[in-house]
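Both complexes shown next keep subunit A, but they swap its partner, so subunit B is in the first and subunit C is in the second.
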Partner chain A sequence: MGYPHPAHPRETPVISRYFGDAEARTLAGWQKRGGYEVLRQALATDPVDVQNVVKDSGLRGRGGAGFPTGVKWSFMKPDGKTHYLTINGDESEPGTFKDREIMRWTPHQLVEGAAIAAHAIYAETAYIYIRGEYTEPIHRVREAVKEAYAAGILGANAMGSGKRVDVHVHKGAGAYICGEETALMNSLEGRRGNPRIKPPFPAVAGLFAQPTTINNVETVSAAQHVLRHGADWYKSLSSPANPKSTGTKLFSVCGNVAKPGNYEVGMGFPMKEFLWDLCGGPPAGRRFKAIIPGGSSVPILTPEECEGAVMDYEGIQAAGSLLGSGGVICFDDSQDMVRQIARLARFYAHESCAQCSQCREGTAWTTRILERIRDGQGTMQDLDTLLEIADNMSGKTICVLSDSCATPVVSGLKKFRHEFEAKIPKNRSSVMIPGFSPAAA
Partner chain B sequence: MVTLTIEGREVIVAPGTSLLEAAKTVGVLVPHYCYHPSLPVAGVCRMCLVEVEKFPKLAPACATTVGEGQVVHVHSEKAREARKGVLEFLLINHPLDCPICDQAGECELQDYTFAEGRKDSRYMEPKRFNPMEDFGGDVVYVPNRCILCTRCVRFMDVVAQDPVLCVAERGDRAYIGKFEGQDLTSPWASNVVDLCPVGALLSKDFLNKARAWELDRAASICTGCSQGCNVMVETRDGVVVRIRPRPNAAVNQHFACEVGRMHYRWMNRRDRLEVPMVSDGQGLALATWDAALTAAASEIASAGRVTVLASPALPNEALFLLQRIGAHVGASLVMTVPRGPEAPLPGVTDLALRAERAPNHTGAELLGFTDVSSPMAGLGANDLVIVADAAVASVPAGVRVIVVGTVLDATLAGATIVALPVCNVAEEDGTFTNLRGRVQRFLQAKAPPVQARPTYRVLGALAEALGAGAYPPLAADVFASLAAAVPAFAGLSYRGLGLQGADVTLPAEATT
Partner chain C sequence: MSLHAMAPDGHDAHTAHVPVFTGARRAELDELLTRYPTKMAALLPALWMLQEDRGWVSPEGMAEVAAVLDLTPAYVKGVVSFYTMYHQHPVGRHFVQVCTTTPCNVCGAEDVVHAFLRETKCGELGVTSPDGRFTVIEVECLGACGFATPVMINDALVECVSVDSVKDLVAGLD
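And then the complex of A and B:
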């Protein structure tokens, strides 16, 4: 038995190759598997050359936005300023738990990737910001950093290169919004985790007002494999049909599915085969009702929409959703979609940082209406109101948390409107307000 | 310079100007809550979203800088719909308690909702409720009305540099909180009340005193110290009920200190000197203005040694006339400047509650008055003192006093031979010269009591009765005479001063 299930023959385990291998967690084990050799070579290479290899590979940010990593790195010039690298391990998107496993099983993979990325952007300091609830991953990464310092891999003379590379592990305090890159920087600076207005962009003025690059845990982990095997090798891992999405992607699969877990496949993998062959399809005797392919903030797809879709940035967009963070949430036909969407909205309402009016008030109002409908107290007018609120919440705030709440509501209402309508008592035109009796008034 | 078009009007502004400020220059108001010109931009209320051609999304006008050739639509359908949405969101938890809210009538949420909001509410759920909280100092917090614009937090953090306030909690549970063990006791804390665009932060002193629409307002200058902060004196039925800062970038930006704000109470004193009085040998008896002025002139002319003791809180016009009278009769000109601890506002250059607790210390010095600690020392029989609204601890035996004042202190009553009632600063026009030499006008805010007359008019008449020259009956004309006679004020006029003031050239030692 492998971790937590044997790798499927159709998987392409690159980042996840050593998941379940306890020895790979240690420095000695990681070095036995060729670890830190790429870092040694990278430190001896000009940062621009490192950037160019990553650029050629087509690697894109795995945190959700999908921005080309090499291009992002190339924004950082040797300008004499202090540069910072920040690794985003604040993985709080419902349905996403891939970074957790990278940090749990291969912490040195992350530390090595962080050191390579820091070198590539002319930074001497990297911060790994990890979600506060991730107790074990924090412990593992801290241990790895400690081992790497003790072995001279990190520090003032990293691997004897004469270059300084420092890596700090920062434990978040448990706020979803701190996974938003600018809120993360505020949090690292000791401020309240509120997103910042852009511009200035982090590459110009980020952490401590210095040029900063922010990369996801999976992105920097992938980058070292790109450097080890070359850009062409990385591109060969994905479907040649779409050269814009290259390499492999780690997908977290959860919900009503036979074999939930993390799966690494080449970009462009057919979604139907992914769900049925790799993940085992829905639980016995059930049918899929809905799939959220990229973490809870992206549009919900129906099984029909997943039918011909391929799993890469453009493929999922063509199917009507987004690749996002790669958190695949499955719902079978036993699920009440109103209840599920209300739960998602409640999450966003709880986690809104409260800065922008639309987000602070809109997410909470949306939740209250959804919960009222869920409890059989809705009206048909509520459905239109929900859509209008969602419209007022979308594209108008500093970050996209507001949009993230609106998206599943709008797509859920569009695709499962009959479930919402079924919960609304016929002929109900007014709302019972708790504690208010019209007769008494 | 950058040229762009806002609402069809060509605008030319400096690079780096925000769209919101650029729109102001052509008279276009972009509705906003969190933006304030004296605070760092937060861009959080999202009320100032405007449509910029070729931008994919609506842009916050406060946080978007102008670009060459930009075409901006403030009142397009898309922008108005976005603002309508924000107003609806802000109102879902905001109680509609305008009838009992102190901010009603000057509430930006009320104003914009009237202008652009929905006519009805779609919110059917129970509203959020949080109890009121005493923030300490003069400030009370009503969280139900709070729209989380964070102006107060930013003021205390960045301007007062006393980070007492924070946003606590997340989502719609968020509220403005105080850090553990902290209170709003900064000497500048009440500015958060003015900065609050809704009725969430209120002044305890003003609470339930008046409705905004009942108030009459007059531009004035704070008399609390020598800083010369521009203020608005607000009255209700002839009673001053509130003093609030009036923007002046050169003096106080948008701010005023606690001492200045509370400095209005004496303006409402009821124990005023209301009618002219002349001593009849038994005590002071009521007299006509003519009789009192004649008696005063006669006493001054016949006195041996004359001293003019003036308050440094008197306007330039009154001090100028006192100086003329003093020069005519060979009097010495003295004053006593009260002092207290300084309290700077760290985030604003050169703004502080100054040690000299008088608004016209500098003006008095320019007009020849000397600061002395014991103005009555060395005086005796046959000496006469003209006490111009100054406080006196005691009067030496035999010294005769002519009071030109708003009140008749008990310490002066026995020695006073003539009492001439004058207006206080809220009751007349005039100018003060602040510690940096900025001459600033204040306007009459309320009527004087009974027969009290403006100080410059009383002193002008007295000077005329003494043969010290003829002076016109209007403050502007007296100031013109002052500007013509005193080199430091040369070239100044009321028209030129406007309501923002102008600088005089101070001698080098006065500015240090």
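And then the complex of A and C:
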């Protein structure tokens, strides 16, 4: 199987098992591989029992925050209200491209996972929100949904269970912020994708003001394997050293690395072996200079900090960063960190939804200062200003996009300060405004 | 019923809007409305239909969408302008989006952008080439970071585009 490299013997392909296998995309192919049997069982099981198996497995949300999935599901009570499930397929975090592969290669895995999760939270309707740029994944998932309806797997009497399960695909239109759960709900409702102030939390009043659960594509895909093989089996896939991070995780790897791609390993996998044995290390003749281990919004690590780190929520935190969405971005020693961090800040400035001033102004200001330093026009004072702005952007806004911009800037400044300083002309104490002469003013 | 009928030089800036939501499209929209508890929720899908059929989201198109979904044109415009994928102006026959966010940029994405600007004769980002064939823009992360540099040409994603492959890629487009 040549996806895009042959599977490494140290990988544990559960979710990614059928990546590259075109037959698994079809309903017949998915059923041949045991597909939809777990859904059939789940529909005959009390939702609380489904929640409990997932709780016992220790599965945590794969969208970034790592919240325990079974616990999240258990917030939804049979209260007679209309419940909604929303599947987050917005995946726009730079460095992360795992959900795309789940949707491209195993769309029925997602549809089945969505239907199971809907049942577990007493919902009849699930919306799968997929970013607009994902034309092929959208097409694949839509086809899978169509096939599932035609076969009676979805609809008014799903698999003959007497229960209604509807799954709809909703296409985004280009906005990173719509991956934030409340922004996604606004977008689905036909509004601008502005995050909402919490509380109320989605479990109380989410989509269309009804109790709502939102789960990442990888999360619900993993949940069905948990139900199929049991909580103990799922826990056995990860390192026994840390019972708080269980099962497998799909990591996306990109940037300056020999073999970029998606790799599924058990939680607790040693990062050094991951980067070298699986991903082939840095490009030939180069050395790693920096690694961002969890998508672009987490702190930057130096290769030394990655040395003894293990890849699970607590392990990466102990190394000084976060597991996040599992997007590993590699920088080799040819990179100008100031230029790349400035480019990252520009991403956040572009993607800010602009409702909080700290974020709207902070991301733009940070970008301008970083670009000025990049272009050799900065001052030493700018470095302090950057930290000051970052401080004002963190923990003070409606959502954490603002913090996400500040994080790589602060960690970049801390760990690569010499590169910033090297770009600042000596004795430059104030900013030169082109065409402005203090004498003439 | 053009919202801004004439350009300053007296030239009609917009061809008359032909309604989108008639016949099969209307039926498609009606089916879509059954999936949501509110009409408003069909706004993004309706705008997608408009753009697919007309190539861009014109003020007249927005007014039509507003009318079919019981919204105001101002509201619709507010939503349209929030999202980057709706074209508020006509674009070239081949709309080329090159990802230059950091993970792609460390792999040389900016050079790929320059190669596109050169080969398409667009010269500048966002400016349609004189022959109307191309518009090139930079985009933020396309979610294909491991296949740098990914480029979206209309609806198709081309992975692993390098400076060397741009020439052939452009030559292969009509």
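The rule we apply is simple: the second predicted complex is superposed on the first by the 433 of 441 C-alpha atoms of A that agree within 3 Å, B and C clash if a C-alpha of one lies under 4 Å from a C-alpha of the other, contacts with A are read in each partner's own complex, and residues count from 1 in each chain.
Quick note on the criterion: contacts are C-beta pairs under 8 Å (C-beta built on N, C-alpha and C of every residue); 3 or more make two chains touch, one makes a residue touch a chain.
Note that this is a predicted model, so its numbers are computed, not measured.
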Task: subunit B versus subunit C as contact partner of A:His350, first or second or both or neither - done: both
- [ ] Based on the superposed arrangement, let me know which partner A:Glu91 touches: subunit B (first), subunit C (second), both, or neither?
- [x] second
TODO: Give one of first, second, both or neither to describe whether A:Asn262 is in contact with subunit B, with subunit C, with both, or with none.
DONE: second
Task: If touched residues of subunit A are counted for subunit B and for subunit C, the larger one - done: C
Open item on the list: Is A:Glu124 touching anything from subunit B or subunit C once the two structures are fitted on A? First, second, both or neither.
Closed with: neither
Open item on the list: Just checking: does A:Arg192 make contact with subunit B only, subunit C only, both, or neither of them? Give me first, second, both or neither.
Closed with: both
- [ ] Applying the touch criterion given at the start, work out whether A:Trp365 contacts subunit B, subunit C, both or neither, answering first, second, both or neither.
- [x] first
- [ ] Using the superposition on chain A described above, determine whether A:Glu133 touches subunit B (first), subunit C (second), both, or neither.
- [x] second
- [ ] In the overlay, answer first, second, both or neither for which of subunit B and subunit C A:Lys396 touches.
- [x] first
Open item on the list: For A:Thr385 in the superposed arrangement: first (subunit B), second (subunit C), both or neither?
Closed with: first
- [ ] Go through subunit A and flag every residue that touches subunit B in one model and subunit C in the other.
- [x] 175, 192, 350-351, 353
Open item on the list: For a test of understanding, state which residues of subunit B touch subunit A in their complex under the given definition.
Closed with: 41-47, 49, 57-58, 60, 63, 81-82, 85-86, 88-90, 92-93, 122-126, 147-148, 150, 166-167, 169-174
Task: Interfacial residue positions of subunit A with respect to subunit B in the complex - done: 175, 177, 192, 197, 349-358, 360-365, 368-369, 372, 385, 391-392, 395-398, 431, 433-436
Task: For the subunit A and subunit C complex, residues of the former touching the latter - done: 82, 91-97, 100, 131-136, 166, 168, 170-176, 187-193, 208, 252-256, 260-262, 296, 327, 329-332, 335, 340-341, 343-344, 347, 350-351, 353
Task: Touching residues (chain side subunit C, partner subunit A) in the complex - done: 35-38, 40-45, 47-48, 69, 71, 78-79, 82-86, 100-107, 139-148, 152, 155-157
